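Two complexes follow with chain A in common, the first pairing it with chain B and the second with chain C.
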Partner chain A sequence: MRAAITILTLAAFASVPLWLRDPYLLNALITTGIFMIAAMSLNLLLGFTGQLSLGHIAFFGIGAYVSALTSLGFDIGLPGGFRLVHEPWPPIVGFVLAILVAGLCGYFVGLLSFRVRGAYFVIVTISFAEVVRLVALNWVELTQGPLALTNIPSITIGLPGLGELTLRTKFHNYYLVLAVAAVAYLLISRLVHSHFGRAMRGLMENETLAVSVGIDVTRTLTLAAVISAAIAGAAGSLYAHYIRIIDPEVFAFINTVTMVIMVISGGKGSLAGPVVGGLIFGLLPVMLRPIMAPEAQWIAYGGVLIVILFVLPRGIVPSLAQRFAKRKRKAAVVAVTPVAFSERAKEPA
Partner chain B sequence: MSEFLQHLINMLVLGGTYALLGIGLTLIFGIMNVVNFTHGVLYTFGAYIMFIVVQQLGLNFFLALPVAVVAGWLLGAVIELTLLRPLRGSDIDTTMLVMIGAWIAMQSATLWIWGGVAKSVATPFPEAPLVLGPVSVSWLRLFVLAAAALLIVVTYLLINRTKLGCAMRATFQDQDTASLMGVNVDLIYTSTFAIGSSLAAAAGALLGPVYVIFPQMGDLAAVKAFAIVILGGLGNITGAVIGGFILALAEELGAGYISSGYRDAMGFLIIIAVLIFKPTGLFARSERVG
Partner chain C sequence: MTTARAIALNVEQVAVRFGGLVALSEMNFTVGEGEIVSLIGPNGAGKTTAFNVMTGFLDPAHGRVSYRGTALNGLKPHQIADLGLIRTFQRTSVFPNDTVYDNLLIGLHRQGRVGLFEAILGLPRARASERRLRERAAELVEWVGLERRAYDPAGSLSYGEQRLVGVALALAAEPSMLLLDEPVSGMNASETHTFVELIRNIRDRGVTILLVEHDMPMVMSVSDRIVVLNYGRIIAEGPPEAIRNDPDVIEAYLGQGAARA
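This part shows the complex of A and B:
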């Protein structure tokens, strides 16, 4: 049943570029998809370990910069008069490096920041993202600072029998994003249902109890952070090669907030949550654009976040699932009752 | 040497307003256990009140400060009553996200009403700075330092010498026991949030005329306030004052001797360093929660 729904959803998503001809909407769907991947990775931390990381955009941005710099090349001075010169490599190598470097950063950030919990964890992660943003802004020799890295090449993949294919059009990029999203979804789904996933959820429910049954807290949390950061890095790399220009604004806090909204509204700790939340909040600005000024859109954004937290604190998917289950139970009760009554009615006769 | 002295003078002026921001946040964070993301918006709000009173209404510069304090107090009370009171008892992540939503909505509203163009406020102080030997400081900055010092002292007396302050300290120590002793905890929460907000608005009203006023000015201010709170220890007013001056010193020295581009990174680096090496803050008195 669940697998059937997943396959049907995937097929529905795959059919979109075949009938949707509006390039603007397709573009919105691609960027939404990229942020959805990042939101899924955030959900791994927020929904399954209970750690609210508000610096998640750092890994996305690091992935974007690593991938862009790998495929563009750079030439920077090192202390002592040496120069580090890097010739451009194919973008697909950049994609792999983005995943590795972002994962490595996740490891170090996790190692340091999991020493504190709650509000302090949140503030450390925000600080980390801001420091990375300031480095990207000020290390002009490497990142061009506010001038942005431009002309980032599109991803080229070698297909057996078809030769080299450069993914330049929206049509191609849509399927690339969809493929990466599907892999990320599958990976997270397998992870969550594994022994490791149970350890994560045990930690979230009751850390003291989890420790007492022998779960290694630091190891579990750090591993979750590494995988989460690596997936966010992959999303960042896709973003860099699709938009083809990145500047330090990619690290803006509001981008983290967008991911958090996608996760919270869809339902944290639910695999489908970030997909549903991502679709709603990725496409909401597109729908609001004709009727609202951009500032008013953001006011609505903030307002909707508050309303969701008040009305559906657990998120759309878990709340709907609960309601669905309740109705099923009620329907069962209704179906049974008349029979019971009629049987009882028969008895005296 | 004279350069260093100049940095010290700048540190004093900056530190005073940072201390105001820090005290406001440390009260809210310490007593209510709310990570207040609207603190920066209140700072921006105070600066815009200054702009409205002085530039748009043409009233006296010195009148604008008390107006900003009162307006900040009212807005803080409204936020507490509408958003935080219904969420009492929910986990810290939920209130934090609600505060983020309020922050986005309010900041965008500021942008919508006044536009993104930076505004400046005319001041009644002479242009020529006060020169003291090798260093110089503008009269406006001296006024800012004096006003900030006055507000810090008033807040200190409010917390340590009045009945309300006593109830606030009791709530900070143990909310349930305070409630049993007849403290109206709901009232304390609203007062705490309103007082903290009015201090943030005062800091914005003081620093707004020194720099320029724009809708996003509060974002960095909020992060700096978090840095100060973490540095000084949760709910510790004296710690927040010292933390404010330490952060100002780190920024001045960082901008002066490393690179001005990394001035704003100092606050974040302090946060990371303190939380990793001494997570109870430098002047911790009480156990930290969370």
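This part shows the complex of A and C:
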């Protein structure tokens, strides 16, 4: 049942570029998809370990910069008069490096903050994002600072038997993003349903009990942080090679807030939550733009969020799933009752 | 009762202070392999504190604890659990939002370790391990008699049932020694009776047991040896018959003068 829904959803998404001819909407879907991947990665931490990363955009931005710089090359001076020169590499290598470097950053942030958790983790992640933003803004020789890295090449992939394909069009990029999103979804799903996911859930629900049965808190949370950051880094790389220009504004706090909204509205701790929340809050601004003044757009955006959380407080997916389960249980109770009565009737008086 | 058992747990000169309060002082005792020892004493005597020290939740002011020759000082709770020394908690402690069955799957953490990539790629070894865990979880549910509640959230169970889940969780962690903190409190007479059978059964599988319990008839019937604690000090130690008649113990339980009255 669940697998069928997943496959149907995937097929529906895959069909979109075949009938949607509006490039404006296709563009909105691609950027929404990229942010959806980032939201999924945030959900792995927030929904499955309970740790709120309010600097999650840092991993996304690091992925974007690493990937852009790998494929553009750079030439920077180092202390002592040395120069570090990097010739451009294929963007696909940048994509892989983005994942690795972002994952490594996740590891250090995790290591730094998971000894003391909760609020401390929130603060460390916010600070981390701010530090990275300042570096991107001020290390002009490497990042061009506010002038932005431009002309970032599109991703080229080698297809067996078909030669090289450069993913320049929206059509191509849509499928690239869809493929990465599907892989990220599958990976997170496998992870949370494994032994590792159970350790995460145990820690979130009752840490004292979890450690008493041998679950290592630091290791489990750090693992979640690494995978989460790596996926965010992959999303950042896709972003850089699709938009093809990137500046320090990518690190803006509002981008993290958007991800958090996608996760919370869709339902944290549910695999499909960030997909649903991501679609709504990724596409909403695009839908509102032609019909409303900018201020009104923000009010409407906030209004939709409030209504969702008021009607479905645990987020769309978990709240609906719960209602559905309740209805099913009621039906089951009705079916079972006569049996229970007849059994009682058999009891000796 | 100095049989030739090997020492499993060794507590030496352990002291714990909370500010000015001395919760444990100069605590010395051992538990032999395969033994059932009870640690008893009035409320606030320091029993739970002793458990917290043994399982790494609390660092003692001084003294040392070792298990099967490994010093436990400075080890984290999960590392101590990895040595096979597993505890339960005095307050009910379950994963409330998960089903009883899923609780046990979480408890089986130590048995389910597979590589990250094996798990994510769903390789045969990971899948076989998963299958084994599910079987084992079902077995444990059955063993504590909670089959009918297996798919209910553990938080929705009765107090006594949650205590059973707590014990099953500890068993899931495959202990070689089990520390039980007031396991039958909140259980009715028949549940307690079943539980005593369960403890004997656990011991027969070679698990060493240290039991904290206020239910005296139960303690007397199940223990090989009893250690009595009062105000953080051990005041008596010996087989149940000796403890039952020990004037110090009677006085500690019944208050000043009662022993002589």
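Throughout what follows, the second predicted complex is superposed on the first by the 316 of 349 C-alpha atoms of A that agree within 3 Å, B and C clash if a C-alpha of one lies under 4 Å from a C-alpha of the other, contacts with A are read in each partner's own complex, and residues count from 1 in each chain.
By definition in this document, contacts are C-beta pairs under 8 Å (C-beta built on N, C-alpha and C of every residue); 3 or more make two chains touch, one makes a residue touch a chain.
Values in this document were obtained by computation on a predicted structure and should not be read as measured data.
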In the superposed arrangement, which partner chain does A:Leu209 touch: chain B (first), chain C (second), both, or neither? second
For A:Ala102, decide between first (touching chain B), second (touching chain C), both and neither. neither
Touching partner for A:Leu72 - first (chain B), second (chain C), both, neither: neither
In the overlaid three-chain picture, which partner chain does A:Gly118 touch, first (chain B) or second (chain C), both, or neither? first
Scan A:Ser194 for contacts with chain B and chain C and give back first, second, both or neither. second
Chain A contacts chain B in the complex at 52, 112-113, 115-120, 122-124, 126-128, 130-131, 134-135, 137-138, 253-254, 257, 260, 264, 293, 295-299, 301-306, 309-310, 313
Note: in the complex, chain A contacts chain C through residues 187, 190-191, 194-196, 198-199, 201-202, 205-206, 208-217, 223
Which residues of chain C touch chain A in the complex? 55, 57, 76-78, 81-82, 86-87, 89, 93-98, 102, 105-107, 109-110, 112-114, 116, 119-122, 126, 129-130, 133, 169-170, 172-173
Write out the stretch or stretches of chain B touching chain A in their complex. 29, 33, 35, 83, 86-87, 90, 92-94, 96-98, 100-109, 111-112, 219, 223, 226-227, 230, 259, 261-262, 264-265, 267-269, 271-272, 275-276, 279, 288-290
